[in-house]
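Here the structure is laid out as structure tokens; the discussion comes afterwards.
For reference, chains read A, B, C and D in written order, and residue numbers begin at 1 within each chain.
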Amino acid sequence: MKLTPESKVLIQGLYELSSSTHAVRMKAYGTNVVAGINPGHGGQTLGDIPVFDLVEQALAEVGPVDTTIIFVPPYQALDAALEAIAAGIKQIIIISAGMPPLDMVHLLRIAEATETLIVGPNSPGIIVPAKILLGTHASEFYTPGEVGIVSRSSTLTYEIALQLTTAGLGQSIGVSIGSDTIIGSSFLQWLQILDEDETTQAIVLIGEPGGNSEEAAARYIAEAIDKPVIAYITGRQAPAGKHWGHTGNLAAVVGRGANVGTAQSKLAAFKEAKVAIAQRPSEIPELVKKALKKG
Amino acid sequence: MDLLEYQAKEWFREMGIPVLPSQRIDRPSDLKGLKIPYPVVLKSQVRTGGRGRAGGVKFVENTIDAIAAAQTIFHLPILGEFPEVLLAEAKYDAEREFYLAVVLDAAVRRPVLLGSPQGGVDVESSPELLQQVVVEQEFSPFYARRLTLKMGLTGTLIQSVSDIIEKMYQLFVQKDLDLVEINPLGVSSLDEVMALDGKVTVNDRAIARHPDIAVMAEKKANRANSQYPTAMLGSWEEVEPSGNIGILGNGAGLVMATLDLVTDAGSKPATCLNVGHGRNLNTSPLAFCDRLALGLEFLYQSKNIKVVLVNIVGSVPTALEIASVITNFIQRHEDRPPASKTRSHPYPGLIVRLADLELEAAREQLKTVQVPLVENLDEAVEQTVRLAKVNAAKR
Amino acid sequence: MDLLEYQAKEWFREMGIPVLPSQRIDRPSDLKGLKIPYPVVLKSQVRTGGRGRAGGVKFVENTIDAIAAAQTIFHLPILGEFPEVLLAEAKYDAEREFYLAVVLDAAVRRPVLLGSPQGGVDVESSPELLQQVVVEQEFSPFYARRLTLKMGLTGTLIQSVSDIIEKMYQLFVQKDLDLVEINPLGVSSLDEVMALDGKVTVNDRAIARHPDIAVMAEKKANRANSQYPTAMLGSWEEVEPSGNIGILGNGAGLVMATLDLVTDAGSKPATCLNVGHGRNLNTSPLAFCDRLALGLEFLYQSKNIKVVLVNIVGSVPTALEIASVITNFIQRHEDRPPASKTRSHPYPGLIVRLADLELEAAREQLKTVQVPLVENLDEAVEQTVRLAKVNAAKR
Amino acid sequence: MKLTPESKVLIQGLYELSSSTHAVRMKAYGTNVVAGINPGHGGQTLGDIPVFDLVEQALAEVGPVDTTIIFVPPYQALDAALEAIAAGIKQIIIISAGMPPLDMVHLLRIAEATETLIVGPNSPGIIVPAKILLGTHASEFYTPGEVGIVSRSSTLTYEIALQLTTAGLGQSIGVSIGSDTIIGSSFLQWLQILDEDETTQAIVLIGEPGGNSEEAAARYIAEAIDKPVIAYITGRQAPAGKHWGHTGNLAAVVGRGANVGTAQSKLAAFKEAKVAIAQRPSEIPELVKKALKKG
């Protein structure tokens, strides 16, 4: 994972919906956005960001790129990611929401074979406060510090960053892996990255109903993570199957327990792994402070 | 989107998966024109399970019995759902019944083939017999053969059942499914196979790229006679009919967190609404501010909602822009008080919680319509709960 | 198998590639029921190129002219081929014409996208403008965009032409094609695109796995009214109508080597027949010995063939088995001399060359019908050529 | 390339047409055929060859396998090869004739990614005289010796082996790469293998009309091959486009020269590369003898 301010960043789908706004915000935050891609708009510029028709054209001009951020419409996101992989880009963040999961299955087979990191889809990406913004995080809520946040949500992640910032606790990295059924990078990968990251002293994990990635994370924390972890799971009171559009749920099928994917199952897993659990967002800063004092 | 059995079987037939001769019955009198010889099975076409136990499946031997049985089934709700249509199907003598499914597995991030030599109603009772094969790389028929061998099949059944699985997988990919299930797959004494019941779930995200499925989804939506343009609005869910609080937020996680806080504080939310843009599956989404206004309108229409809590964090419009939308909304409603016909109850109270760097202008704006702006989430929840109690006591 | 233009365009329409309104004309009188407004283009549906220059394409303004033009075209052979049908199509004003193709490239072992901004008849004259993109991994639309940029397209044409290429590629894969070509792709003054002419070649190997194409192939075969069950027989080709030698061998390379040797020795082979099993595309192939017998029958039916050279190397049946087939064949013909109706010429001479470890028994067997068995290939060729000269001199 | 008599060999499609005959022949020749695959026939035996339903079942029983030989019907050959690759087999010989070329394109993308050698399809495979028979070569025409044969034909290859044997020239390896439009191993690969093979002292290359692989081979010989090469191209007198079922021809398409794929074009390429050309099969032994005397 290369997350330094010098990293070269590409934006695919520069003219889609709000992406030009976000491109400008990223630049303003210090992110080295070297080019944008929009077929049919090659030769134009947005602010001082040059626009190209194809990824390979951009790379011929600006040299190798570390990360690309994909904003294209959801049915075009697979193609955009494959274009980036074919051009040799090794870190891909997919902001686009609404990608069909079988497109992700296809992409992940290829990403695994080419050792490409995919973050998302339907993710606000990554922020290293005061250093680099790779995505759509509301950067104003973050301050530099020692707490790593890994989450499946977007606005809830900003909420918790704000709570930490308000309590005087800065953040080392904030990442949302997305909450779709099929996503690229996992809680496990990010727990490992945050565990190895020298700046990070404590980790906040934010989960929600659907899938079983929190359960896997809980087991992994118990086995492999040395730094203190505080877990917060939302959706405890949500009726079963109601998730306001998040589709992390598994299809109902024989052989899968009825309890799979509920907040209760996730909370039980963290409890069993002896991970500190916050009942509400405002409890997180207290628990982080307690954990940091102990450490 | 779940398909009905008869729709699933139409797809099976197109793919070459063997299904019995069958006919769709829209009304009992359709049975007079039945082209399948008796005896025939009549099956209630509902999306819920357990219809057999509930009396939604009946064997009939002649037209008179069939019409009577059809009338009964049409009037029999199964877990609250009345059938729109029935399926009349030939009878089949299965010697054995298998279970087969292709499903997307989020944990391994791959489609998984599932199979059990104990299908039908027994499949749930013998989970240890359920076998699975992860489709690691692109599908090839050997994955299907691998499953049949794990299921313990031998001889010609290896190939015939593998062929069915291969076709199920093709359907899965062609139609962007979350699930395709055959339960049971009947096996005759001659080892011939037949899909006796089927379940298909289409992934909601992919519907728009399949014109045929989009038509089915539209019909289903029209049938549900939905009053609100929810697809344009964002995602909403009724939480608890007896609740009296409406929650509107941007982002599913944030909405759920707010729901948890309100419930923990002892109140009952009635409806939660996510107007965040991330999850809007509509291909021509409204701007955020339009969704916000529509969402407020939607919650205001609900008779039992006494308080609406708006919780918006770090959206692209500024806090001031959001405050303006809310202010305009309130003013519009104050100008035109509800006609007695459409609304017999007073408007709910409104608590607005915004998180942004600069809130003063927004606060001033909201003051003009007497709406408090709260910065702290816990405090916003506390005020909401308090106001709900006051308003509930009023009436 | 090459498709006719109207068949290619039907597929284009199914894929969503824009084509003009058109109508198939089976006889001139069909033009009375024409549903396309005049002016209209009538096009001869033949598989050979250059029909425009040959007079096979005519613009007509009204029904009377159209019927007259159709009568002319129906009676106009193009490179020897009469059209079975015509295509009546609306006129289109193209400002520019592009060339697009997807073709399988044996050298890179991948499909290749081809495109030129100079389509129509000009494409051959400016080969330096022809661009290509190898589809290295599985296709994704960016390969198509890559081609459009190499072609020098800009603005909205990048997307609209890429969309066409993507659909051509889908067709290529779905139908197992060797080639799909649009030439020209018309571009209007508003940058709208239209496939004005199309060429599609289906891979012969894959026909049997596409039921729709198999039906087309069968119709085509019936139309050609082929006398011999060549698909069951193996591959045969007429080499030189004026030749007088028939060659029958097992394996394409061996047949070609034999053909070279006979031709180099100054004789003219008329027909070559490969009865090797490797290349038999029929799904229920005859056993080798049956193909051998059928092949001999086929060559014996040919009036101009004076000598048949059989050259069989290392096949699964032994030399003795092959000799028995030949002996039986000769005896059958000697028993029933040809009726004057079906055959007015004497049977050709026969030279048999077999290569196997043990040839004595086969040699003895063939002696019973006075057929020489030659071991050495050069010698077999020499004897064949000598016998052909003798037989030719006889009559 | 592992071609020793100890190599473990699998046969997929053991009960197809003539494949059981060939399996018995291979065993008799000394090839170590350890198992056969035929779904539905698992548990049976053919001679002393055990039959399994799946490749992975066979490997669990007999251990890793060096080469698999595929005899299944042509539309099933892709699946059989992918099954072998998934089971980790690195050398695949496809005997089956009639495979659609797009199946081969698909297979080769995967074979390249997994570094799997594919010989064929529509090939009689490989023979190392008196050592190992991997395929359907008429082994009776071969004798051990110093001449490597690489070819696109089957029976014509046996013809030339016979001519060499009759002339007292044994063979080191005989391989047919197949003559389909899309094939696995190429002339180039085999020229390189034969050039490095210690036993081989001269190479006979047998080509035919269609494709441009002979032209590429001619250039490669001029550049990289040290051992003497004798080329024989059949089909000089065949009318254009007539190839008796061999489909190595490229589809007619704009931008391809009219001469591509003809025997004349191939002969010109070998002439330019100064490779000895045999006019007829019987000339090959003379040219080989001449070349070996020189060497």
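Note that in this section a residue touches a chain if its C-beta (ideal position, glycine included) is under 8 Å from a C-beta of that chain, and two chains touch if they have at least 3 such contacts.
Note that the coordinates shown come from a computational prediction; the quantities given were computed from them, not determined experimentally.
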Average the CA atoms of each chain to get its centre, and name the chain whose centre is farthest from that of chain A. C
If I rank A-B and B-D by number of C-beta contact pairs, which comes first? A-B
Averaging over Cα atoms per chain, report the distance between chain A and chain B in Å. 26
Note: chain C sits from chain A at a C-alpha centroid distance in Å of 56
For chain B and chain C, let me know how many angstrom lie between their CA-based centres, rounded off. 53
Got the chain B residues that touch at least 2 other chains? 137
Specify, in ascending order, the residues of chain A that touch 2 or more different other chains. none
Take each protein chain as a node, join two nodes whenever their chains touch, and name the resulting shape: line, ring, star, complete or other. ring
Touching pairs - complete list by chain label: A-B, A-C, B-D, C-D
Chain A residues touching chain C in their complex are 39-40, 42, 53-57, 76, 78-80, 82-83, 86, 110
Per the contact definition, I'd like the list of chain A residues that touch chain B in the complex. 18, 21, 73-75, 97-102, 104-105, 108-109, 122, 138, 140-141, 151-159, 162-163, 179, 181-183, 206, 208-213, 216, 234-239, 242-248, 250-255, 279-282
Residues of chain C that touch chain D when the two form their complex: 99, 101, 103-107, 109-111, 114, 116, 123-124, 127, 130, 132, 137-138, 173, 176, 178-179, 181, 183, 201, 203-206, 208-209, 234-237, 239-240, 249-257, 259-261, 263-264, 272-274, 276-281, 283, 312-316, 355-357, 377-378
Contacts from chain B onto chain D in the complex sit at residues 136-137, 140-142, 145-146, 149, 154-156, 158-159, 162
